[in-house]
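A quick write-up on the structure given underneath.
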Amino acid sequence: MNKLDASVTGVYVITVTPFTDSGALDLASTDRMVDFCLDLRVTGLTVLGIMGEATKLTAEESRVFVKQVLARVAGRVPVVVGASAPGFASIRELTESVMAMGAAGVMVAPPSTLRTDEQIAAYFALLDETLGNGVPWVLQDHPWSTGVQMATPVILRIIESSSTCVMLKHEDSPGLAKLSAIRVAIERGQVRRVSILTGNGGGLFLPEELSRGADGAMTGFAYPEMMVDVCAAHAAGRVDKAHDIFDAYLPLARYEQQAGIGLAVRKHILNQRGVIASAFVRKPGPTLSAADIADIARLTARQTRRLTEIA
Amino acid sequence: MNKLDASVTGVYVITVTPFTDSGALDLASTDRMVDFCLDLRVTGLTVLGIMGEATKLTAEESRVFVKQVLARVAGRVPVVVGASAPGFASIRELTESVMAMGAAGVMVAPPSTLRTDEQIAAYFALLDETLGNGVPWVLQDHPWSTGVQMATPVILRIIESSSTCVMLKHEDSPGLAKLSAIRVAIERGQVRRVSILTGNGGGLFLPEELSRGADGAMTGFAYPEMMVDVCAAHAAGRVDKAHDIFDAYLPLARYEQQAGIGLAVRKHILNQRGVIASAFVRKPGPTLSAADIADIARLTARQTRRLTEIA
Amino acid sequence: MNKLDASVTGVYVITVTPFTDSGALDLASTDRMVDFCLDLRVTGLTVLGIMGEATKLTAEESRVFVKQVLARVAGRVPVVVGASAPGFASIRELTESVMAMGAAGVMVAPPSTLRTDEQIAAYFALLDETLGNGVPWVLQDHPWSTGVQMATPVILRIIESSSTCVMLKHEDSPGLAKLSAIRVAIERGQVRRVSILTGNGGGLFLPEELSRGADGAMTGFAYPEMMVDVCAAHAAGRVDKAHDIFDAYLPLARYEQQAGIGLAVRKHILNQRGVIASAFVRKPGPTLSAADIADIARLTARQTRRLTEIA
Amino acid sequence: MNKLDASVTGVYVITVTPFTDSGALDLASTDRMVDFCLDLRVTGLTVLGIMGEATKLTAEESRVFVKQVLARVAGRVPVVVGASAPGFASIRELTESVMAMGAAGVMVAPPSTLRTDEQIAAYFALLDETLGNGVPWVLQDHPWSTGVQMATPVILRIIESSSTCVMLKHEDSPGLAKLSAIRVAIERGQVRRVSILTGNGGGLFLPEELSRGADGAMTGFAYPEMMVDVCAAHAAGRVDKAHDIFDAYLPLARYEQQAGIGLAVRKHILNQRGVIASAFVRKPGPTLSAADIADIARLTARQTRRLTEIA
């Protein structure tokens, strides 16, 4: 009943996976993190994404974590699970397991070995066959991390050939033109509607993406209220207000998007905000220097000040 | 007499190459662009960089353009010329030609085929040999476009083994830790001083980079006054003022840094500002949609307003 | 007692994973394949390598397959298990599982995201820590599939810092100079001895590699007797004989090394030879055309003829 | 009058660029090399390819070398010139220059930055526009060096949209299926005929490629007579004879195809054969060790012996 469908709008937060200081799964922090997101009125959650340290979990840990999240969410919002893996056997195993627990759908990015349009289309045709009829899935377009560039015609072809592909997580660069092209194709009836949530650089283009027809955001940021408030202002037709809010968060959002240390920045802030008990990142992973932490302190203080000014 | 040396601080603007609407070199706009930059009190210019469409010029056009820039600058500031090329023969040819005209030095990035530390060090040893003693050069570290990751030890090794390497154009990501490490190595005397100018994402981390010991910026942005003013505020010890200025420009700077269309955005704004007569970008190259142009109009209007607020 | 150590010489065959025509694990064929290899007097087996379709197996299937192989081998030769995975948690899980069953060691290749010498060394330091003291491991150097180039100094550094690294599976290109350099470093005592087995292009440089000091081969080929006989002739000082044998197999070995369809060629021949009941390759995977099959028929017939001539 | 057209069959040898021991262009050796190839009855020559060290020549040296080759050939066979460059301005410049001198056409490979079908098609549409009507060109498909995978539909699209594309230099891997698919498309009239010459790994699949409908070979090898004789035997319907000849050369051809040192091997042999006065390779480039040279001596001696046996 809580399955993902093509009508979704709003904000899906990509969550971190909380660990204790000794590196074990921290289920109490997991609960707190779920509460934190739901209190902010997000539309859904996405777990085990790139920023969820999915590859650093054992299969058993993945199941335990997803189960905990689903139990805490208790059906209040849909939960999408990242299921990208080197082979279809692992994708099928994880998918069956999390769908049985109550996940709303899975998200899959293309493996970095794909190059041509034919290879990409063939991969997702096989994914469709692997997932079967009952599993709604999200096509993750993230060339920056996968190295795979999926042109608009290929994305339309994938949507056309897999009726269970209900959402595009859009992150290409330059993404605005592509987003416009896909939205126009949907509006003209060239392809059926899918939900388009954007994640470009952790939401770094959110106001412009909403103007181009994005249905919302699916991304991670230590202040998910930014995405929620920007989307709300935009939905209310207050475009300049949406920009004001966005601009207040932008200096920190930009800092959190640094390749390599972004996850450590995010966990540090979530820890400072009292959401997770430890900022621990499993190896191999980044650690913050004193200078990094000072940067964050300055940026959050400035952000608080600016938010007050525009309130 | 105007040769680049390791003591440089300040802002080197990476210029565009102006064309007419029919795609020919526009030397009048070239003059105006030089004047525009010098009026903004930049410390130097860098031409024929990635954003200078260098690969789209014939060898003859490159020479004509550099000559025009040097004539207009007339020795008032140093001019660095991008000299990256697929082979050393071309690098030598262009270098000899532009140094004879009065360039201050050349800038070279590693070719995308390099992988190991040994290969990178060997490449720049050969470059040093190719350039010879009289040519100061800038090591361009730009993994995003070259795909080559140069770790700190390799950069130190290159500086150590080439006495004519006088500057690092720093653009790695995450760059702050690397910048700190190189600055510390210089301060401890592990390696001789080189100037470090940063370009990360078009200056998207400039305030933090200055705090880590960067000597300034070498990058392109349609509002070079941002770099000049941020550096000046920082040099005056007014760090929060530097952030205020930076934050006012950040929404547009972020927009201009979109992969793929950034150059078209920059030329469009420079054209709007009256600097260049045409926003023409040679093929293959991006064009802006009506929606892109509307985005830019909104962002520049908001920027003007915000700059007034903080003035 | 059957743990891998640094003194190994000879031929380790990289086996396929046999499936039935419907794609299920074929344990009877697995037994036959083990017998086939041991009858050919190979020194060891390597399972779940790139050509073992490891990523297409579920975790449970991997365990079942390894268990079957180990039971059939019954301690007669050491069995190495490929354990490369996107994260250390999975590597640890699989390793613990297969070592408990009686595997002789594991083989790990660097993930494709590594670039600099520092990153590579750090990765294998973490691997050493992950595997712990009791697990001998093979460093797999296969730039062609991983995209990671490990220069000789890095390989020596890894050997030096992990006492349980007992073998190098050497496959770089050009590999002969690198093989010579590592062998010389061992002979000069710059680094402790590790076994060096080569796999360059499915053994396509075996005679030359043996002359440079390789201890043998670790690779897959539908005619493992080629590697066994070439190594034997070489060990007996009959270098030209080694070349004669090698040359007889080379046209087919070359054909089997075609990127993309090599595994299908190998399984087809193993099926023709009566070793495995089906040539089935799991998706995504290559299939052979009638023209491919005709090519193989011609090449195997010519090979048989040539082997008779030189017998 | 000697322009390349779509009816070409036979062998185009990709030549080296001969240097003196001090690294200067060696025009006397250039003449000898031309004579050597023409005496072997090759159908055409290709100069300034990847193995022609094109990127290590100045623009002026390129012109001098091409002029010398054309003068010596004196219209007896067509000469194709490699014109791949980072930008269209350079491609146009070189093309105009060599066509004016009498070249038969140019060869262009896609730049390594291209990924999607759309990007590839757009690149070659722009190339077509750049070259103009009078310049026949060869589409070079060499994913191994360019990293660009051009699927069959894209190649057909390029042929369809550029009437001056008269030849495909086919080198993909696995190439046989692709070669068959393109040949079938031509036979069925889905696309107009282009000549297909193959170069897979320096001709390492030549007999099979001829069976699939290749029109001949365009590749480099220190024994061009291999390609000439294999093609002749095949054209005469003596397929097994073609394989016999091929197999005799295969051990050396394989050795010459080692990534990284292949060019040094080829120049060494051409020097030994008296064709070029020096085996000098410009930096950055490989050098041969004593062990490499001993390998080559053994392989050439064995090749001579085997050729006698099958004569």
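As written, the chain order gives the labels A, B, C and D, with residue 1 at the start of each chain.
As a working rule, a contact is a pair of C-beta atoms (placed from the backbone, for glycine too) under 8 Å apart; a residue touches a chain by one contact, two chains touch by 3 or more.
Just so you know, these numbers come straight off a predicted model, no measurement behind them.
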Taking each chain's centre as the mean of its C-alpha atoms, which one ends up farthest from the centre of chain D? A
Pair sharing more residue contacts (C-beta pairs) when B-C is set against A-B: A-B
Chain A and chain C: spacing of chain centres that average the CA atoms, whole Å: 39
Note: chain B sits from chain A at a C-alpha centroid distance in Å of 33
Taking the mean of the C-alpha atoms as each chain's centre, how many Å separate chain B from chain C? 48
Among all residues of chain A, those touching at least two other chains are none
What graph shape do the protein chains here make by touch: line, ring, star, complete or other? complete
Complex contact set, residues of chain D against chain C: 173-177, 180, 204-205, 208, 211-212, 240, 243, 246-247, 250-251, 254-255, 258-261, 286, 289, 291-292, 295, 298, 302, 306
The chain B residues in contact with chain D across the complex are 54-59, 61, 85-90, 92-93, 112, 122-123, 126, 282-284
Residues of chain B touching chain C in their complex? 115-119, 148-151, 153-154
